[in-house]
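Working notes, structure below.
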């Protein structure tokens, strides 16, 4: 062994929260994002808004999949919980939109606990199937209940007002989603480098070792699961307000897959990678418009190729 | 009162008895060892003590508090830390982050305060970091704090595992074959380190080790296992001379 | 007896990830011998066997068996050639019957008559297995499982048998029984490389012995010589050796 | 519930259950040897149906659209799709064998999407008729009509499963398969080429799924790219109920799930719109309270 | 302060600073952007040719239907242009793909709006059309919906949208008339749980009960599933005279087959989603004698023979279920622009309200809710592997 050799080595690297190679392009991207609607038409803005929606959803799922290492195939369910909670409360009970957000967050927490608490002890592939089943259950419930508007969904969801200004146009929602995306990124970054964030990494790398140093595995996973759920539910609220009409079709297994694809594509567990992945997922239908029925195949091949040849994603984690 | 009290501990896997009515104790401030041939049940005992296995019967208490059957994270929180036989570091994380992990059960801030960047949370983070650095310094690898843990030399990985366990502020630390894979030089360093743990921090040490040289040098008391039973218990010299121990190790001719 | 070397290792190095477990181990086994490989826990005895049988690839050095270089041969190619490894901890297939376990021992054999002949041979050697042949292997006692593991290896008609700690976890009476069988097999012409912690037992039967410490051979010699060597004891219980 | 209804639902459950069982068997076998949840299994079933239809439409010209045609389609499809399973294992799963669990699962998901996407791209999402001359002739028990096709179908799937069980318990390769699922390392010491056994397992599991696909296609009379998704999920549920990794468990689970669905949807308070909730609920309850299933064995988890 | 970790803190500070600046800037830009967007809207409307947007599923499972819609609308517009266009201007079209997915429909809608189209036609899936109503409504763009016909569209309409297809309740009325004519007393209604079929099932059940009929069973199947035996058994046990299947052809064919296989002797009636040659292909002999509430397809329309031939000649494929209606809508929009005498969208909406078009598929006249005055559904029956009109 080479204890001495290592001891004489210079200390490599300082703690870097963000590296300049990330910060500079990040700032450029942010500046671009802020001015985008000023020179882009409604179509581009709409696509960009969708991209921002996926950024929020992918960042949320990244907490579950990337940080805590739990494969969730029913993430759209929490998106649905948020959208329906907000939609029902505004359309049926006349709630102010902003008041529905905390209610939706609470609802997502409850749903997260109901499904997470008993199942997070399971091995990861079982968990994947349970979440898939849960996603389907939520969709079927939304489809079959009267309060959710049944299969054709809810219509006439009020558009939110802020300081007397009503969010109406694509641009307004673009900025609303941009704020939400930045807020989510900020939240993720804060949590990632906090005690709980580290606990998720510990559990993901080695559950037993994590337990051996005093981390409650199930609680840690549950917290990740719930935090992911809450983020999806907030995205759902804003989505409902933007669409004004929601139906179970927006919360299918395919939706969950797309969000997962975004997380995996860019690089699990890392915010810039996930943001990149999310944007790619949102652009995919636009870019592949000509591909027609080949589109799902192209998407699938991309996913498989990433896993086989770049398992850490397009923009992988080079931390430490 | 002894720090660790094990009474009539029994464990079995699907009908196969692994531990038979084990009883022993570890005094506060001691360095004790557990030895025995392969398959004697030493690691199984460790796993019972740390909550990874649920014993079939008997009791374990730490500082008088019963810990039998508690989940691992609760036991760690009550002051019992461990290392693993085949080093189990979080290899993709930094050395410092590994050391900081030990503080998890001694800190309390959660997601909400992290998002809000509360001053108290920041102070706690700073404290966790400082404690992590302190233990890295204690085991002598603070200069590697920001390297990837998996990139450390084997000997340093062993040290890091010790630092991580110590960072959880334990009363008792269980070391599972800490000398495995170390060379003679590193073993000497390890002996020195184990003594420092007890002398400088007051943490009681219980280790499983195959390297008898090391065991004989550091232990004040040795518990010997064979076939899941305790066959001897005493000071190194006495144990070394015990015919039952020699028999367990070298076998009998008939 | 023809004391030709049937199995040899030349300065093999093996690693588990970053850890080098064997630092250049050389040994040789002659036809018809029982060779003991001794050493304390963690000395690398099992690793030597695993490298010989191809479960671990040696990172340097080479292994020769019956005159051929088998360093790179995958583990599943060796039983057919006559090199059979009885792993540490028996590793029997618990959810399968005893008969099925034995059948698997002769997996590479196409000839059913020959299989039946070998099965009869094993049953004759271990009558207890014959009596319970349709029972699940999981329900056997430790000693019986060891017999099954050896019996399973015999189904491949080994020329050389690598036995990893057959005495582990067995009561003294059973150890004796197992060792008698080992000796009997040897008399029937099977060359044996025996890994043992129980050195007294091993050296009683061994023609030759090697003592391994921390991944290196520290001592070797005829069994009877080693049996009386103080250094062997210290290799186990620590002290001044090497 | 009248007796007729009881018998009818029993028959229904048996038929759909035998499909579930066939697919569940492949899930279980693959899970057994490499502990991988093969998400692509449902799509393999779908591919089997398509290959069967293609073969059927060709051989139909010479042998007609009756039993002979279906049997030809069945055999060819089992062979072709079995090989497809081997190819998938070789190129998608084998490189990932030592990768982290999460990556393996996502790879399996990707493999599933590729199969599904290919079928969609080639068929354009069309539903294809799989028209046979098997007809609806059969016997009547009171008001319950059971066609000969249904009888043959159940008999055929039972025969396939029995054949599978015989293979696994009697033949050398079958034993090797079980050995690999118990202890891969020890299996290699027996001279078993583990890679080959895994490939064989994929072949057999995929062939069974393909057999199920052809039979379902011929029986229901239509084939489309999406037919594997629900079937895959239900078959997985069946495998979990029976105990994943266990061959008889998969059969039992399949039949039980079929019956559960048939009777579950006739309960007065559970409308058919809630049937899938009922199925997924059962799955979740099993996974939470009895993850080893009815016939599976618990594994002691060691540190 | 974090002594010893100053670098880390600096980064933190920058990050926070960045956030503050971003928020300030954001507020400014938000106001800016709104003004600009309004400006863009007015400039874009002043294009030379009159641009009509076509929104339809061009990808996904319903791509074939979308293709038909696009083709037929273009045919109509080409014919109008060949005769000199409208008010001297030529009409050009632009197509946006909604993939029958709500989210993509919104993107497609925005695309059309930002291209400055004068009017929009199309829309196949109600679920995808619903969220776009708000977009077109807010932009004040006239929108003629060709295929989608959920009653929710009527509720969400802001006055600019017109439903050229008969709505679900009209189909329900047609269905109930057929039930009564055939003497069915007890009906089992089966849907697939999606918006379209469950809506139709509900409306039909209500309408039939209102006429004194009995709903013997109301069942839902899962799309993509093949085994309907449990549902079939329940229907048989319910003693229904007839089954009304409200969803699409794939499930319809499977249900028909399994009903007949189980020995069900009663009538089988299918909703308009079953109008596909694939239905007859898959159902085979079991499909014989089954009723279908058909939209006005070319095969059923006496005056559509020329269109049918020309369509085949132009596009090399048979005109699908919605081709004739799509052609009519193309005519309708050209007609409305002509009558509005300008490309002014308010005037076009007014002109559409006053439409009275005798098209291939029938008469297009709107109610005050912008829905068709007369149902264009017509019952047909499967005979000898073909749909023939029921008289």
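Should a chain be cited, it is by its letter among A, B, C, D and E, assigned in written order, with residues numbered from 1 in that chain.
Everything that follows uses one rule, which is that a residue touches a chain if its C-beta (ideal position, glycine included) is under 8 Å from a C-beta of that chain, and two chains touch if they have at least 3 such contacts.
Being a predicted model, the structure only gives us computed values, none of them experimental.
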*asked:* What's the minimum number of touch steps needed to get from chain B to chain C?
replied: 1
*Between D-E and C-D, name the chain pair that shares the greater number of C-beta pairs in contact.*
D-E
*Determine the centre-to-centre distance between chain B and chain D, using the mean Cα coordinates as centres, and give it in whole Å.*
48
_I'd like the Å distance between the centres of chain A and chain C, where a centre is the mean of that chain's Cα atoms._
54
_Suppose each chain is reduced to the average of its Cα coordinates; what separation in Å results between chain A and chain E?_
32
*asked:* So the centre of each chain is just the mean of its C-alpha atoms; given that, what is the distance between chain B and chain E in Å?
replied: 69
_Quick check: what residues of chain B touch more than one other chain, meaning two or more?_
14, 52, 84, 153-154, 183
*Can you list the residues of chain D that touch 2 or more other chains?*
124-125, 229, 273, 276, 303
*Return the residues of chain C touching two or more other chains; collapse runs of consecutive numbers into ranges.*
none
*Could you please specify the touching residues of chain B with respect to chain A in the complex?*
50-52, 71-73, 76-77, 81-82, 84, 88-94, 96-97, 100-102, 104-107, 109-111, 114-115, 117, 121, 124-125, 128, 140, 143-149, 152-156, 164-165, 168, 182-183, 185-186, 189
_Under the definition above, what is the set of chain D residues touching chain C in their complex?_
172, 175-176, 178-179, 182-183, 185-194, 297
_Quick check on the complex: what are the chain E residues that touch chain A?_
5, 7-8, 11-12, 14-15, 18-19, 22-23, 25-26, 29-30, 32-34, 36-37, 40, 58-60, 63, 97, 99, 101-104, 106-107, 109-111, 113-115, 126-127, 130-131, 133-134, 138, 150, 152, 155-156, 193-199, 202, 220
_Taking the touch rule as given, give the residues of chain E at its contact with chain D in the complex, in rising order._
60-64, 193, 218-227, 229-231, 233-234, 236-237, 249-250, 253-254, 257-258, 260-263, 278, 281-284
_In the complex, chain D residues that touch chain E_ = 2, 4-5, 8-9, 11-12, 15-16, 19, 124-129, 131, 136, 140, 143, 145, 147, 216, 220-222, 224, 226-227, 229-231, 261-262, 265-266, 271-273, 275-276
